[in-house]
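See below for the structure under consideration.
Order as written gives the chain letters A, B and C; numbering starts at 1 within each chain.
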Amino acid sequence: MTDVNRPADPTGPGPTDPALLRLVDGLALALALIAGVALVLLAVNVLVDVTGRAAMNRPFPGTLEYTQNWWMPTLTLMAFAFTEWKQEHIKVTILLDTLPATMRRMVEGVFGLIATVLLLVLAYHAFNEAMDAAAFGKTTSSSPPVAVWPTMFMAPAGVLALALQTAATSFRYFSGRYPLPDTVHAEGEAV
Amino acid sequence: QEWLDNLEPMTLKLADFSGDQNANFGKAMVAWEESITEFTDGKITFENYWSSSLLGALDTLSGVGDGVADIGLIIPSYMPQELPVGSWLFGMGAALSGSTVHDVAAGGAAALETVLTFEPLTQEYASHNVKVLQATATPAYNLLCNTPISTPEDAQGKRARAIGAVWSQTAEALGMTPVSIAWGEAYEGLQRGVFDCMVINPNQYADGLVLKDVAPEYVPVTMAQLQASTWVMNLDVWNDFPKELQDFITQANVKAAYDIWEGYMDIEAKAGELIAAGDVIHTNDVSALEPIAKEQRAAYVAGLADTAPDSVSDPQAFVDDYQARIAYWTEALVADGYEVAERTPEAIVDAFAGLSEVDLSNFYEKFNSEVTPGLMN
Amino acid sequence: MSAEAATLSRPASRVGVVIFVIALIVAGGSLYLMLAGDLPKQIVGLLIVLLSIVLLLMGIPVGVAMLGAAVIGLYSLSGARVVRSTMESVAFDATASWSLSVIPMFILMGMILWKSGLTTSAFGAARVWLGWMPGGLAVATNFAGAALAASSGSTIGITYALGRVSIPEMLKSGYSPQLAVGSVAAAGTLGQIIPPSLLLVVYAGAASLPVGQQLLAGVIPGLLLAFAFAAMIVVSAKLRPGLAPRVDMSDVTWGMRWRSALDVIPIAIVITIVIGGLFAGIFTATEAGVCGMFAALILGAIHLFRTGGGFRAVVRMLRESLIGTLTGTASVFLLIVGVAVLTRAMALSQVPNFIATEIAELGLGRIELLFILIVAYLILGMFMDTLAMMLLTIPVLLSPLISVGVDPLWFGVFLVVMAEVGLLTPPLGILTFIVHRIASDPEANLGKPISLGTVFLGVLPFALTAIAVVILLILVPGIVTWLPGASTMR
C-alpha cells in the first residue's frame, strides 16, 4: 500500500513526527479503511438489488435505506480526515499563493486552528444528536425498518477526526513541514 | 382589545415541505395566515418556505421545535421513534371505505378530533416543543399501473412502489412485490418499467407527478389513507400568545382543516374527470382484488392494539372508539345525502363525477358546534 | 502556457499582503456587524456571503469556510438554538442521500476507466479520428458529457468521471489548461438539463407541471447547449490555435484509424450499458452509476489482462481507484455539508425572495423580465445551492411570469440552465472548485499546477455560451416547448 503510506509530510516518515501526530494520522487511515468497506458494500448492495429485481423479481429489501443511511454517511464522513491528510480537500489558495512564505505558514496555521475549533463544535453537536438517536433507537420508517442510529455516530467520529487532522495541518505549517515542495514550486512557477 | 395593544409585532415562518401556495395545503394555510394577520391588525405576519426550501419532511419536527421555522407540516409515520403514538395511529388509515367523500371528511374528522384531544399524542408532540394546530386525512390510496391488473393472477409478481408497512402489506397480500424507488425517480421508473404499479392517490393523475401517460391503468383497490398530515407550531410561540389569540387560532385551525377537505374534493374531481372520460385512463374491475385487500386491512386494524406504544393505556378501547367515531361522522355524511360508494368501475366513476358538487359546509357546521368549543381554553 | 495566464497568477507579493489585510478587515467587520448589530435580514445575508468568501481565501476547506460564515449568520438571524439545531443534524443529513450516491459511483467509474488505461487508448483513437478538427479532444469530451447526461442527472458525478480522464489527455496533447478544464466543467453542466434530471423533476413538482413533459422540454435545449459548446470550442481553437494544437495528421492512415477504433469499443459498451439499461427499465438513473461502474470494472480488468498486466495490475488499479474515489467523494461532500448550512442561512436571510419579489413588482414585459432574471440568477447562483435557489424563487416568480406569457415548462428549462451556469460562476462556483480539485492532482495536470484563476477563466467562455443559448431560448421559446407540445398531440 505504498500510496496510502506515502507520508503527506515531506521530511520523511515516522522519525521526525511526534507520536501524537502519528496517532492522528493513523486514525485518519483507519477510518478511511472503514469508508472503503462502505464504498464496496454500496456498490454490491445496489448491484444485488438491481439484478435481483430485474432477473428474479426479488429486490434486496431496504437497499434504498441502507444506501442512504449506512453506506453514504460512512463512505463520506469516514474519509474526511484521510482526505485532509492527503491535502485533497477543496481549498482555494489563490490569495495564499501570493503571500511571502513565512506569512503564508502563519496564516494557514492560524486559520487551520480556527477550522479545528469550528469542526470540534460541529462534532460535539453531532455527537449529542447521535446519542439522542441511540437512546430511542432511531430507525427508518420503511418496512422492514432499518436502524439509523448506529451510523449517526459516523458524523461526530468523522468530523472529530477531521478536526484533529486540520490541527495536524496547522502543526505542519507552524513547524515548517508545509507547504510541500511542489506547492512551493507552484508559487514560483507561475501557472 | 388590551391583549392586542400588548401584542409584540412578529413575523412567523411557515415551512411546508410538500408543496407551494397553490397546492391544497398551501392554499388553506395562506388563508389561515391571512385570517390571523387580519385579526391581529397586521401585527402577526408570515414568511412562507414552500417545497422543502427550508425544512424537509424529516427535519420539520425538530426544526419547528427549535425555532428554525415556527409552523410546519409533519407526517408522523416518517418518525416512528420520535412520534410513536402518532406513527401507531397512522395504522388507523387502514380503517377506511375507499369512498373519497367519506375518507376525507369522516376519516379526516376522526383524525382531527383525535390529534387535538388524545392526550398521549398531544403530550408526545409537546415533548418535541410543538403544539398541534390541525390534521387532515388524504383520500384512499390505490394502484396506478402501467399494465392492466384485475385478478390475483394479474397481480402476482407485479412490482409495486409501496413505502411503509401499511401499504406494502396490502401489496403483498395481493401477491405483488413491494419495491422502494425514490420519489424523484418514480415517474421515469413507471415509464420504463423498472416497476409496474405505484401505491398512491389517483390525484397524481392530474396533480403532482401527473402519471396519466405512464400509468394509465387505474386499479382502484382500496389501500390505506395517509391518516394524519399534521400541522404544528413551536410551543414557546404558542404559549406566548394571549388566550384571545389562541382561541381565534383554534377556530382558524378547524377552518383550515375544512378548507383542506374541500380542496381534496376539487383535486379528486380533476382526477375523476380524467378517469371518467376513459380515453387516457382505463379503470380496471377490482371485484376480485378488493375482498383480498379488505380482509388484509381488517386484519391490520385488528392487530393494531398489540403494537401500541406503552403510553396508550387501553389500545383496544381506543381503536374501537376511533372506528366508532369514523362511523359516527360517516352517518352524518349519509344524513347529508352522501352514500358510501361501491367499488365497481361504474360506481367509482359515478362517485368521482359527483365530487365537484360535494358541499361539506353542513358537515363542517356540525363538527364546529360539537367539537370546536371543547378545544378552546 | 499562455502569457496572459502567467501574468495573471503572478502578482507581486506586496499586492497579496494588501489584499490579505483588506480581507481580514472585511471579515472582522462582517463578524462584528452580524454579532452586535440588529441589522435587516437581507444585509445579514450579504455579510454572510462576504465572510464566507474571505474565509475560503484563507486556505481552509471551502466547505468549512462556508460552514463558519453560515453559522455566524444563523446566530445573527435566528439565535443560538437554531445554530445548535442545524449543527446537530447537518453532517449526517447532508451525506445521507440516495440520489447523491451516484457521485461516488461515477467517480469510481471514471477512476477505473482511467487507471485501467481504457480511456488512454480511447483518447488515442479520438486523436487520429478527430485530430483534424480544431479542439477535437475537447469536442469529444463535450459529447461524452452529453452521453453521460443521458444516463444520469449528476452534474458533479459526470464532471468527476470526465475530468479525471480527459484533463490529463488533453494536456498531453498540448491543449491549454483553460480549454481542458473549461470543456470538462461545461460538459458536466449538461447533466441536469438533458433528462434524466432530478432538478427538472423537482421543478415540475414545485410548479405543479407534468413531469414527463417537463423532462421532454429539456431534451432539445440540452442538445442545443452541447452543440453550442462544441461550436464554441471549434471556433476558439480555430481563432487561437495555441489553445489546442492540431495533431499532425500526415502519417495517419485509414488502417490506423480503423485499428484504433477498436480501442473505443470498451467505453462505448459502458455507455451503452448505462443508457440502454436505463431506457430498458432495468435500473433507475441513480442505480445506473453502480451498473456503469461494474461494467467499467469488468472491461477494465479484461483490458489489463489482455495488455499483459495480470492479476496484480488489476488489484493495483482497483486499490488506486478506491483511494481516489474516497478522497474525491469526501472532498465533494465536505463541500456539500458547508453548502447545506450556507443555504439555510441564505434562505432565512430572505435574500432570494427579496430579489425575486422586487423583480416581480417591477411590472416588466416578458423579454425585460427574463433578461433581469438572467442577471438575478447569476448573482444568486454565486452563493447558493441550486435546488434551494430554485425552490425559494419559484413560488414568488411563477405567477408574474405566467401573466406575461411565459410558459412554465419553458421557465423550468431556463431555471435549470441558469442554475447550472451558477455552478460555474465565481466567487462560489462549486463546480469550478471541483474541477480545480481534479486538476490539482499532479497525475491529472502532468505536474504543472493549474490555478483556480485559470479554471475560472477557462469556464467563462462556456458560461457566456450558455447565456447566449438562454437568450436564444428567450427569443425563440418554441425550441423548448415544441417537443413536449408535440408529445401531447398524439
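Note that a contact is a pair of C-beta atoms (placed from the backbone, for glycine too) under 8 Å apart; a residue touches a chain by one contact, two chains touch by 3 or more.
None of the values given here were measured: they were computed from a predicted structure.
With centres taken as mean C-alpha coordinates, the chain found closest to the middle of all protein C-alpha atoms is C.
In this structure, the chain pairs A-B and B-C differ in their number of contacting C-beta pairs, and the larger number is found at B-C.
A straight line joining the Cα centres of chain A and chain C is 22 Å long.
Separating the centre of chain B from that of chain C, both taken as means of CA atoms, is a distance of 38 Å. Chain C has residues 84, 88-89, 98, 282-283 in contact with two or more other chains. In chain B, the positions touching at least two other chains are 181-182, 194. Multi-chain contact residues, meaning those touching two or more other chains, occur in chain A at positions 64. Across the complex, chain A meets chain C through its residues 1, 3-4, 32, 35-36, 39-40, 42-43, 46-47, 49-50, 54, 64, 67-69, 71-73, 75-77, 79-80, 82-84, 86, 88-100, 103, 107-108, 111-112, 114-115, 118-119, 121-122, 125-126, 128-130, 151-152, 154-156, 158-159, 162, 166, 182-183, 185-186, 189-191. Chain C contributes residues 78-79, 81-82, 84-86, 88-89, 93, 98-99, 195-196, 198, 201-202, 204-212, 215, 278-286, 344, 347-348, 350, 353, 388, 391-392, 394-395 to its touches with chain B in the complex.
Those residues of chain B whose C-beta lies close enough to touch chain C in the complex are 13, 19-23, 47-54, 58-59, 62-63, 66-68, 181-182, 184-185, 187-189, 191-194, 207-210, 213-214.
Residue ranges on chain B touching chain A, taken from their complex, read 77-82, 87, 157, 159, 163-165, 168-169, 177-182, 194.
Every residue of chain C that touches chain A in the complex is listed here, in rising order: 1, 5-7, 9-13, 15-17, 19-20, 23, 55-64, 67-68, 71, 84, 87-92, 95-98, 100-101, 104-105, 108, 177, 282-283, 287, 290-291, 293-294, 319-320, 322-323, 325-335, 433-434, 436-437, 441-442, 447-454.
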